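Same chain, two partners: chain A is paired with chain B first, then with chain C.
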Partner chain A sequence: MKLNRLLAGSALALAVGLPGLAAAKVEPSLELVQPLADYKIYISEKLQKLVDDTTAFTAAIEAGELDKAKALYAPTRASYEAVEPVAELFGDLDAAIDARADDFEKREKDPNFTGFHRLEYGLWEKDSTKGLAPVADKLLADVTELQGRVVDLPLPPEKVVGGAADLMNEVAASKISGEEDRYSHSDLWDFQANVDGAEKIFELVEPLVAKDDPAFVQRVSANFKTVDDTLAKYRAGQGFELYDKLSESDRTVLSAAVNTLAEDLATLRGKLGLN
Partner chain B sequence: MSEEAKAPGGRTPLRLAVLGSALLAVAGAGAFYDATLQRGTRAGSGADGAYRVAITASACEPNVLSVPAGRRAFAIDNRSDRPVEWEILQGVMVVEERENIVPGLSQTVTARLAPGDYEMTCGLLSNPRGRLHVTATEASAAAAVAPTLKAFIGPLSEYKVFLGLQGAELLRRARQLAAAIEAGDLAKARTLYQPARLPYERIAASAARFADLQDAIDPAAAYLARREQDPAFTGFHRLEYGLFGDGAAEGAAPLVPVAERLVADLSTLNERLRALTLTPADLADDAARLAGQLASARIPAGEDRYAGGDLADLEAGLAGIGKIVGLLEPLVRTTAPAVADELKSREAVAEAAVRRLHGPDGFPSYDKVGADDRRALAAAFQALAESLKKLNPAMGLA
Partner chain C sequence: MPRDDSSTSKPFLATDRRRLLLGLGAAAGGTLAGSLCPAQAARAGTTSEAEHVADAPLGTARLQQRQPFHGPHQAGIVTPRPAAGLVAAFDVVVQSPADLERLFRALTVRIAFLTQGGRTPQLDPKLPPADSGILGPEIEPDNLTITVGLGAALFENRPWLRPFKPKHLQRMAGFPNDALDPELCHGDLSIQFCANTPDSNIHALRDLLKNLSDQLVLRWLQDGSVPVVAPAADGEKQSARNLLGFRDGTANPDSGDPATMARVVWVGEANDEPAWARGGSYQVVRIIRMLVESWDRTPLGEQQRIFGRKKVSGAPLDGRTEADVPDYAADPDGRVTPLDSHIRRANPRTPEAREHLILRRPFNYANGVTKSRQLEQGLLFVCYQADLEKGFLTVQGRLDGEPLEEYVKPIGGGYFYALPGVPRPGDYLGRPLVEALAARPSTPS
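This part shows the complex of A and B:
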């Protein structure tokens, strides 16, 4: 998971970052302070929701309520997916909370395979809550720990601004293909959450880049709208249809918009003097 | 700056006052008047030289002063018969201030001033303000943006988050307090008063920048011409007086408009804090100023005259300073680990000095805190202030 993402990120940085370096060097501005403060509030609210939702989700598992647990899985992890630029600052917790079986030598059998996807595996593949209580406990402890670590953490501006592109790379690498939530097929929830997280970052810094590059802002906004509109076709109830329902033509539309977004957003750091 | 930071508290002002008096005697009153209008009068020389300002019962002397940009010291002589405060204001923003200057004594206030026009408050809040012109110098023109600006964006944002959250909590608690007063439930209002003050004390380092709001939210009767009877006696202490002091005899009615106004002013404060643009040097400057003020005025004299909640206020103020310490300490540690160590240890000493007075039933009323304890508190806060003053130079921001 990590390696994929890193490679995708570096390739993009190389592809689109170099021409930017040739341009005049931009210095970071104190105008970034308030957007970054607003982002911290956004993150704090999402983390509170993550802890609250995880409390309910894990309680359902421990009570053996299989259907309820299945219903709560996707909405619970959406908060995590939205705050990944910050969550991924903590490698240990990210691995414990969100690693996929591919990240482990013995895959699903690996004792270190924990967190959301381990629970997903149990709930859907085994169709049971049996034996999941310790994993659920650990997940709740880990997301609570994450919230605690973020409380007093000054966010590194380059990580936050760079996070917009990272989120879109993440979508490109694992959500478009449907491999993230391979047992539950709830990938579109994660997809939307990643996009929301990237869109939030973009909106907060948009006024700072709009004056110098209105065409850029227009293009990014249009691509976000394409993604949001396309995903909206698959809304069902409180969330989304299963990933299998995604049509080939919509997948193509999403893929193009997401890749363009990833490339465009990768230039944000340079535009804001954060390289 | 470094000279002053190293000088033990209290020595520098006295020495300057003596030097200043000598100079005055030699120069003569006419020359003094002339010089102050042109370019201010400097007592002493070099980095330690201070501009003399006397505060009389009705104004500053001189009431118009011109100084070159940069770090400037002002020797403030209180020639009135009451303790006074002296402030440099830019619009409604407090650039620097000193409270509780005792009659007959002189105190030194140091401020880093950018070119521009400022005002000085001169004693009583009702006195006319003096004018301070700060002229450009080669150095001020060449002063560049701090090279590591990027490193401060995260800490500055985090501090703004802190201001936003504490400001929201302050408003929430003030509304509860106002609701209890409007319902005529003074017993409940008495339990809500101190908790409502705490978030204000936590953000005091920044809230103190807005002179107009501070004068409405937190004026002490001692600074007003007619004291408790003064129409400008508003805000927290007016409520405190009506809930815990002699004002309690008048019941809830007079407090209702005061509480309403307080909520409105705190709401404005939140808007101003959100719009406030802080520079990297502001964090340590504001924290140092607050610690110094607590040491020199708040701790010796007390401020919560009617409820005696000064120690809880002090603990909250220290928590606000601690927020800044926590944000800057990692940055300072990379360039000046000894300064970072001293800062952390002095913060711990100040925390312990406050905590030591906490009993099983909470903090005692401040009138029960004796002179020795107040001296120990003041020393701990002064030491912390001196340590905070070393941060900006250590980070290349002075």
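This part shows the complex of A and C:
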């Protein structure tokens, strides 16, 4: 296939140090300094917003304001979803903040089931804020802790760049099916946030790959556009319609674009000479 | 990736050894459904020549079995059924004739490579590998065939394709005994993978998903197997058994006879079908669950009356060997072979019934445990015919209400149109359809 030939070409250049792509990649870390610094700002802003939004969200739960809490659930999560690859560097926090009931043998009844989805379960399945205050407290503490830990975190470039593919894998593996936000059906918010997070990473490093592989950049940009345009059909108010509104044909279009983005973005690390 | 001829050359083999290997390959590719099991192959090896410590396992002969990719028809239809099968259905991203052509061309490139074998590209380790690697860097053909079919949905959901739909192609509707699971049904496109080992099918599926991710979205799949059968002592053909323990495939029309296949399986001029469809065939896929626990508790006599055949030998109830032909004329009231037995309903063997022959090519499947803690097993029923209406639909209509229904439950599948073959290198799958589209008079959007 064309793609493979293309990859084989650039891979060869990387391997044997031919001029062109490889020459430009002698010190990959140097030209990544600026994109990484920019990315750090991006995640700091997202995490600040996450803490602010979670404060309001959990306050609504503690005040017993069911409708308000429901309205704040999806937009609050979005900041988390956008920086998920970074958050996932801290496995303990990621599990506490974002685990799903399936991650536990006793499912919803498991005492270790906490975080966003535990609150989602209470708010929608039980249609109540009753008993959720301790879970809400814990969530706020966890996202605050996450923010604190990320401040001091040196960002490994391959993790950041690899994060773009991770986000698309995440969408492909669980957002496209509507199983992530199974009680609230607000999956399209998460979907968009994951895509935004991947798009951000791609934009930051795009200039570094554009000159050597314009076809790649064009294809990735086109697929991002397909996803964004398709999701835009489901915008409602500040966010999105419920997941069940997604038509089967749009789901197919999204799946194909997301899988292809995942395939392409998975080569981004290598294209930048990162191991 | 086009096949790299230089990379497919095989390691040197002593001439007599090579002859042995080729001989085994031919036997395995013959009319016996399946091929020699490794144990038999090993025995054959010890009797005819000395073994050497560094010899490759004789399984290699099977790995090197190759089905031609080019021909008037797709492989995998009248090709002897190997031990492993997998049918996957996809939805496709195709919004224009150009998209369709791109899909067909990409499928052609991958299928030509996968079925003929060769070396996979080796990339820089900083990149994800080009190939899943599950068969190693060198892909052996392993008797692999990949057969592509188009679903009614592909045509019906695209106004520009609608006029080109094969006449009988339709969405599979539930029969009275069906309990169709929407997640296991239909699709824009089907791909049937058949090979000597299930790994080759899985490898090929993963290859297509990776390389065609922008157009193929997996919808459902079911894999299955055919038990390998030892030839009978007298050399007589014996069919493999299904998971109800009965020999399955006995009364199939002769897939080795081109004239019969031209009549039963291949769409030709005699069929009132669009010209592009010639050389193709209607493919029916049915995922049929079997209630094996209840079946195993059923008296043998009743089991045999349900099918109309003897369990051990596969012979008809009025016969002695599997090859014997039942004589229903001598048994008009069904005293020997019940009138509602599976084989008598499926084919009453009247002159009229000759119009309704189908070529069955099923695989057994075992998927684990149901919610009721029963075994989830069944038949991945696949059949081909030149006329869906006269073939499967008529036969299934006659089977509706048969006593076997107490033990089986169709839960998924779909109807597809298997494309004509790729006659020669440089050509591609589905070209006649793409050209018909290009020649179409008006262009409805």
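One rule holds for everything that comes next: the second predicted complex is superposed on the first by the 247 of 275 C-alpha atoms of A that agree within 3 Å, B and C clash if a C-alpha of one lies under 4 Å from a C-alpha of the other, contacts with A are read in each partner's own complex, and residues count from 1 in each chain.
FYI, contacts are C-beta pairs under 8 Å (C-beta built on N, C-alpha and C of every residue); 3 or more make two chains touch, one makes a residue touch a chain.
Worth saying up front: this structure is predicted, and the values here are computed from it rather than measured.
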item: Chain A residues touched by each partner, larger count belonging to chain B or chain C; value: C
item: First (chain B), second (chain C), both or neither touched by A:153; value: first
item: Touching partner for A:266 - first (chain B), second (chain C), both, neither; value: second
item: Which of chain B and chain C A:253 touches, first, second, both or neither; value: second
item: First, second, both or neither for A:274, with chain B first and chain C second; value: both
item: Which of chain B and chain C A:36 touches, first, second, both or neither; value: first
item: Shared chain A contacts, counted only where both chain B and chain C touch the same residue; value: 273-274
item: Of all residues in chain A, those that touch chain C in their complex; value: 1, 3-5, 7-8, 10-12, 14-15, 223, 248-249, 252-253, 255-257, 259-260, 262-263, 266-267, 269-271, 273-275
item: Interfacial residue positions of chain A with respect to chain B in the complex; value: 27-30, 32-34, 36-37, 39-41, 44, 152-158, 273-274
item: Complex contacts: residues of chain C adjacent to chain A; value: 1, 91-93, 106, 109-110, 121, 123-128, 130, 157, 209-211, 213-217
item: Residues of chain B that touch chain A when the two form their complex; value: 145, 149-150, 153-158, 160-161, 164, 274, 277-279, 326-327
